[in-house]
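Going in written order, the chains are labelled A, B, C and D, and every chain counts its residues from 1.
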Amino acid sequence: MAKGSPMRRKLLYGLVSVALVLAGSACTNSKADVRSGEGSVLRIGDTGSTISTLNPFLASNIFENAVFRYVYPYLVQYDTSGSIEGDFATSYQSTEGGRVWTFHTHPGATWSDHKPLTAEDAAWTFNAILANKDGATARFGSYLAHVQSVTTRGPNELVVTYDKPVATALANLSVVPILPRAVWGPYLSGDAGKLSGFTNDAPLVSGGSFILTSEKKDAYALFERNPSFYGPKPKLSGFGFQFFGSADAMISAIQQGQIDVAYDVPATAVSTLKKDPSLHLLTNKGTDEDTLIFNSSPGQTEHPELLDPKVREAFHLAIDRQKMVDVVTLGMGTPATSIIPLSLQNWADPQIGAEGFHPDKASQILDQLGYTRGADGVRVANGHPMSYDLLEPTGLTGHDRVVDLLRSDLAKIGVEIHVRVVDGDAFGDALVTPSPKAPSYDLAVDDWISRWDPDFMLSLNTCGQRGNYNEAAYCNSHYDALYNQQSTSLDLAQRKQVVDEAQEALNRDKPWMPLFVNPNLIAVRKNVHGFSGSPFVVDTTSRHQIDDSWLQ
Amino acid sequence: MPPPSSLNATIVARRWLTRLRQNPAALIGGALLTAFAVLALFGPLLTPFGIDQRVGPVYGAPSPAHPLGLDDSGVDMLSLLIAGTRISMLVGFAASMVSVLVGGFVGVTAGYVGGWVDTALMRITDYFIVIPALPLMIVVATVWAPSVVHMVLIIALLLWTSTARLIRAQVLALKERVSVRRARAIGAGHARIVLRHIVPDIVGLLVATTVLAVSVAVFFEAALSFLGLGDPATVSWGRLIQIAFERTAISSGAWWAIIPPGLCIALVVLGSSLLGTAIQHAANPKAGIAHVSSRTFRIRPVPEASRD
Amino acid sequence: MTESSPLLEASDLNVWFDLPDGGELHALRGVDLRVGSREKLGIVGESGCGKSTLLMTLMGLLPPSASASGSIRISGQEVLTGGERAFRIHRWKDIAVVFQGAMNALNPVMRIGRQITEVLELHDVATGPAAEARARDLVTLVGLPDDILRRYNHELSGGMRQRVSLAMALACEPQVLLADEPTTALDVMVAAQVLGVIDRLTRELDLALVLVTHDLPLVTRTCDRIQVMYAGKVVETGTPADVYHRSEHPYTRLLFAATADVHSGREELVSIAGSPPRLDEPVTGCAFLPRCPMAREECMTEAPQLLQVASGHAAACRFAGQKVRMS
Amino acid sequence: MAAVVAATPRAGTGSALRGSVGYLTRRLAVALVTVVVAVSANFLLFRAVPGDAASMVKVPGLSAAERMQIRADFGLDQPVGSQYLHYLGQLAHGNLGISFENRKPVTANLWQAVANTMPMVLLGTVFALVAGMATGLIAAWRRGTVLDAGGLGAALAFYAMPAQWLGLMLILLAAGHLPSGGISDVFLTDADWWARTADHLRHLLLPALTFGLASYGQYAVIIRTSMLETLGEDYVLTARAKGFSNWSVVRRHALPNAMLPITTLIAMSLGLLVSGAILIETVFSWPGVGLAVYDAVKARDYPMLEGAFLLLTVSVILCNLLADLVYLRLDPRIRSA
């Protein structure tokens, strides 16, 4: 009995101290708010994303690229309207008909470890990438396609020579980070065999506007202002990304002032957030486009009618895109009819595919083709009912509603859809089989995010991308010619015209049928200033979003 | 010496029913399960609105027309809840039956045949017992396209082990019974011995295990659906919770989108646990008198009538 | 001790058990019992006649589903109405019990020694080394080696367990020892040894003994007085000679006859035709009537009272004391 | 008569020791066999499922060259047999491989996840045990009373609630008062130790409570059943007859015996704790083992999954072994069996 009591007393102390800490925590919470406001650290939340590697050669997540954007120098970046501007390069010009690009870089710049940051670093990085562009550095090799040589003229001048004019030279270079040789030297030498094993953990040697001080997978990445940054000094002393597991947790965090900015707010939360007087809602047009994809391979012989542009035209007219916007995005998104979303104002063409929603016309088209309805209301084409499998990849919120609506819209014109939900890997395997084997599906839905330059989206349906990005397995030499033409048109107006032609060509054949663009909703506390929205929720194309913000 | 069990099977069954009828837990559990089974069967006739029919604003609050409010796309929650009953109950019952069939078969085989068959089967069972169930289900569910049938099989894949062990133990005991030994001595076939002398005696255990397994299966259905591994083309209770969680029901204050499906799951789990345990007790009653209790025996005045 | 203040006295004990279906079972129906100093009382009867219930009632160990009426006095003090607290004062110090041999009366995870010393400490008989020494004496007393104190229940044979139980019961030198079928489940040799020890010690230690058993020869050999119970009632009481040679109740006679047939105390008494009445329904008339060879019309309506046939000899049969032959 | 020592003792001290050793050896052997089966089965399981390091999910739109490169990095271009031998070799050195996802050692990733999960599940389990023990004991003690019915009812109700839903309910209830996700306020970088500890505890509270409540019901019901069974044992009657008060009877005689099955239950459930936390970790974005497993499945991070499954199966096996050891300590019957 006597033995028990000291033990019990200890336990009691333990319980009391836990209770005290908990009681005290209510006060510390409010203190924390004040401190972070004074410290001018911008706290940004996002859901469902993560940073899984800080090695740019392995990176595949958006926030990884965002980290590199703020930490590493880039020759050029985009401004907020989608035009290229200088970054580490103060000026740049092309000569020899666009074959040679000369960049003048910031003089006297240093890395955060005080080593000099010069054009030499850029040349070294690019040459290292080129040395293994089909191997370990393939991730960036494609952005340096057609580059013949990279040389310097003194510490502040870089010359990049291409083997032919490349319209996307600047757009591509805006993606390639310049890396500190002192850190990366051992990993990029020779065949770069050790590159994939390098985790490049925080804190990183930085040349960008911020230094990554700490990072934890699935949790956060914290940045401090880089005092030795060559560009204009950011107003914030630091910022951080916090990754939430659920939108609800993020929304309650911004409502309680635990974060200042919430990326990727779901449409269902908009009405709640609008009611909150301490918040702004930024509603930019986005670039994340949902599309219906047709198996366009000539090897698709099971349902030949699906290759017929007239049938696709009927599908196109039968889909009520506005309803999709209303149901799936609660009216926050925009209907889409072309592969280049309207938010990319420099390249988009609202006229393409803008026939509108006309189910009657759609039925007429199918009637004229002689595909009459059977007893069950499903039309018969080529001796088979017009009944198709639609592949839907798992894991994307809202896709279930998209396919529901597709099914009911198409049912109205006598086309039956069977939805098959498959895991992302199986989805990839079904759609992207190494050419020339025909992919084994009828229809699919997927979504793609555009970049500022249309080249990427237009490349998706080229013959060369079959077995890789070309999910429709579409191949048309006329389209390929247009694609190649735009990629070498250095004159902007001329290029825009070719891009339009390419979009029209795609719209005629419709390997892809764009449906709608997902909304881009960012909630911002009202004490945050200068924080601009962007067509990309998290802007990995420039440093403006955070460099230009301040807290008050 | 007990008489051959098959002869008095009806008597045994009647005795169970009597015991069950006297047990309030069994009555409550049975009533809950029956109610939800009826709802699952006739649900589509009862749903006031279509489950893809948008009848009001996003997360519309409960009102007389929509007693459980609206979901994240303005669909009537009551209709969704009733529609979800069918899939949840179907998965629950189907998975538990498959698992008990498999577990029963393995258990009887291992227990009756014995020897290396027993050892091999039990090592496999051991592996399935130590392997983390939910993670394995997640792996299989992820690589396997989501569908209701797959869900049933995945849950059954991990549910059969406990049945197998229970049944094996019971069969080992039954094998030594006089009636079984005598049947073997007079040269009865194995099939006959198993069917006539062993199966009738484990039916009670099998029924109880099935009913109990329903609760586990319903739990797992809810868990897998919550992790986004359910069939997105169907509505189940677990999926309703997932949708509410994923689509900001909490920050929208839409408690009506979260509470009802969880409550339904809890009621079915409760129902099957109560009924299953009651069947177990009815099949295998224990006296269970506590020798110590807060209560003690009562003193009463001598009744006049009994003064004899 | 004088006649007026026996060690243990119960009068008009009634015990009912609540049944799950709402009914009750009238297990003891007005039982009287007296145990004087050094007296050895045997209680005999078929299974379910209430003899074990009587013993539990005397210890105050009935389950919560039971209710009781009547009076129990230990050393003259009323305990039944005093409830648990009143009983606890007397338990083990004044009245100790040895349970059925078939029971797991010993704690399986506690060493034997501790199970003896804990009761010594509880009743302030001895503590520490003194208690251990006393425990050694006790096991020696019942004829066990003292290394038994370090053992656990499962390491002992049935006979050893009963000896340990006995040692434990004697720990606080009670005045009355209750023994409930102490030799059930023991084989004949071991049973004889255990009984021998009980017999010897009750004599050596001046104990009063209440021996509940269905072993009639044992009771007639060991006890000073016998109470025969049937269907929750005492149907006959007297000295062994009274009960054995001058039985006044037909049940007693049948009981002894059956025992004589079997010639073994270990067999259940199943050879009396018929079975005892159900006690969950009111019993009208004589409870033994359906099995009684001398049943008469009048036995059906009126329950027989204990009739004094000689000094200390009474039987609950309307024909007690009359010379009515069995038909 | 007194001199007659009844039958020889069934087991002396020597044989008890031998019994213990034999028992332990048997248990260890079974555990080892199960570990070997588990290691091989896990390896095969993750070779049989589609997708790998160069999976579509992981990195969409890779060129064939890049895919080859990644496969070569992880040795996936080797035959399965040599991959297995390599895996065993690495395992022998405590090396669980490199994560496909973040290319860090699996052991480091797992360790981090375990370190996050442990405080949550342990606090929850302590709560569940204390509350379950109290409910179970009181219900058994007051068997058949309103308190018993109420306690049992509450236990069954919590047992029946899905953990994820329970978590959401708590979030609804604590809305605005306690953080509903994450392990800490990540922006609380320059706060002192007290503030950070308080912050951790605030974040820990809801998930741990959810975990506790979700496992509470089971503990309460089993403790009640075990206690009731023990209270029906004859030695409890003996103890009462000895004159012990009811409470002493429970404490000295009933509890130590009732604890035997409860100990097994606790040890076994400790082994399952971690995987049982998946749902709660999902609800509360708690970066523990459960979430790590779930994320690894989504990312096809097979080395991570192999490591996690190994960890989870081995911890179950170890906990079962622990249960056996504790049983051996608590129950003298096993020592000489």
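Here is the rule we go by: a contact is a pair of C-beta atoms (placed from the backbone, for glycine too) under 8 Å apart; a residue touches a chain by one contact, two chains touch by 3 or more.
Keep in mind that what you see is a predicted model, and the values were worked out from it rather than measured.
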| item | value |
| --- | --- |
| Between C-D and A-B, the pair with more C-beta contacts | C-D |
| Chain closest to the middle, measuring from C-alpha centroids that were averaged per chain | D |
| Between subunit B and subunit A, distance of the C-alpha-averaged centres to the nearest whole Å | 45 |
| Distance from subunit D to subunit C - Cα centre to Cα centre, in angstrom | 51 |
| Euclidean distance of C-alpha centroids - subunit A vs subunit C, Å | 89 |
| Distance from the mean Cα position of subunit D to that of subunit B, given in whole angstrom | 23 |
| Residues of subunit A whose C-beta touches two or more other chains | 246, 248, 252, 395, 423, 425-426 |
| Multi-chain contact residues (two or more partners), subunit C | 61, 64, 84 |
| Multi-chain contact sites of subunit D, meaning residues that touch two or more partners | 50-51, 143-144, 171, 175, 180, 233-234, 237, 240, 246, 282-283, 298 |
| All pairs of touching chains, each written as two labels joined by a dash | A-B, A-D, B-C, B-D, C-D |
| Subunit A - residues contacting subunit B, complex | 246-248, 251-252, 255, 266, 268-269, 271-272, 327, 330, 392, 394-395, 397, 399-401, 404, 408, 419-423, 425-426 |
| Subunit B - residues contacting subunit C, complex | 22, 289-291, 293, 295-303, 305-308 |
| Subunit D-touching residues of subunit C, taken from the complex the two chains share | 59, 61, 64, 84, 88, 91-93, 96-97, 99, 103-110, 118-119, 122-123, 141-145, 148, 150-152, 154-157, 159-160, 163, 165, 168, 190, 193, 196-197, 200 |
| Contacting residues of subunit A [partner subunit D, same complex] | 18, 21-22, 24-25, 28-29, 31-32, 35-36, 39, 41, 43, 50, 52-53, 55, 58, 60, 134-136, 138-139, 142, 196-197, 199, 216-220, 222, 240, 242, 244-246, 248-250, 252-253, 256, 258-259, 395, 423-429, 432, 434, 467-469 |
| Interfacial residue positions of subunit B with respect to subunit A in the complex | 52, 54, 58-59, 72-73, 142-147, 228-229, 231-233, 245-253 |
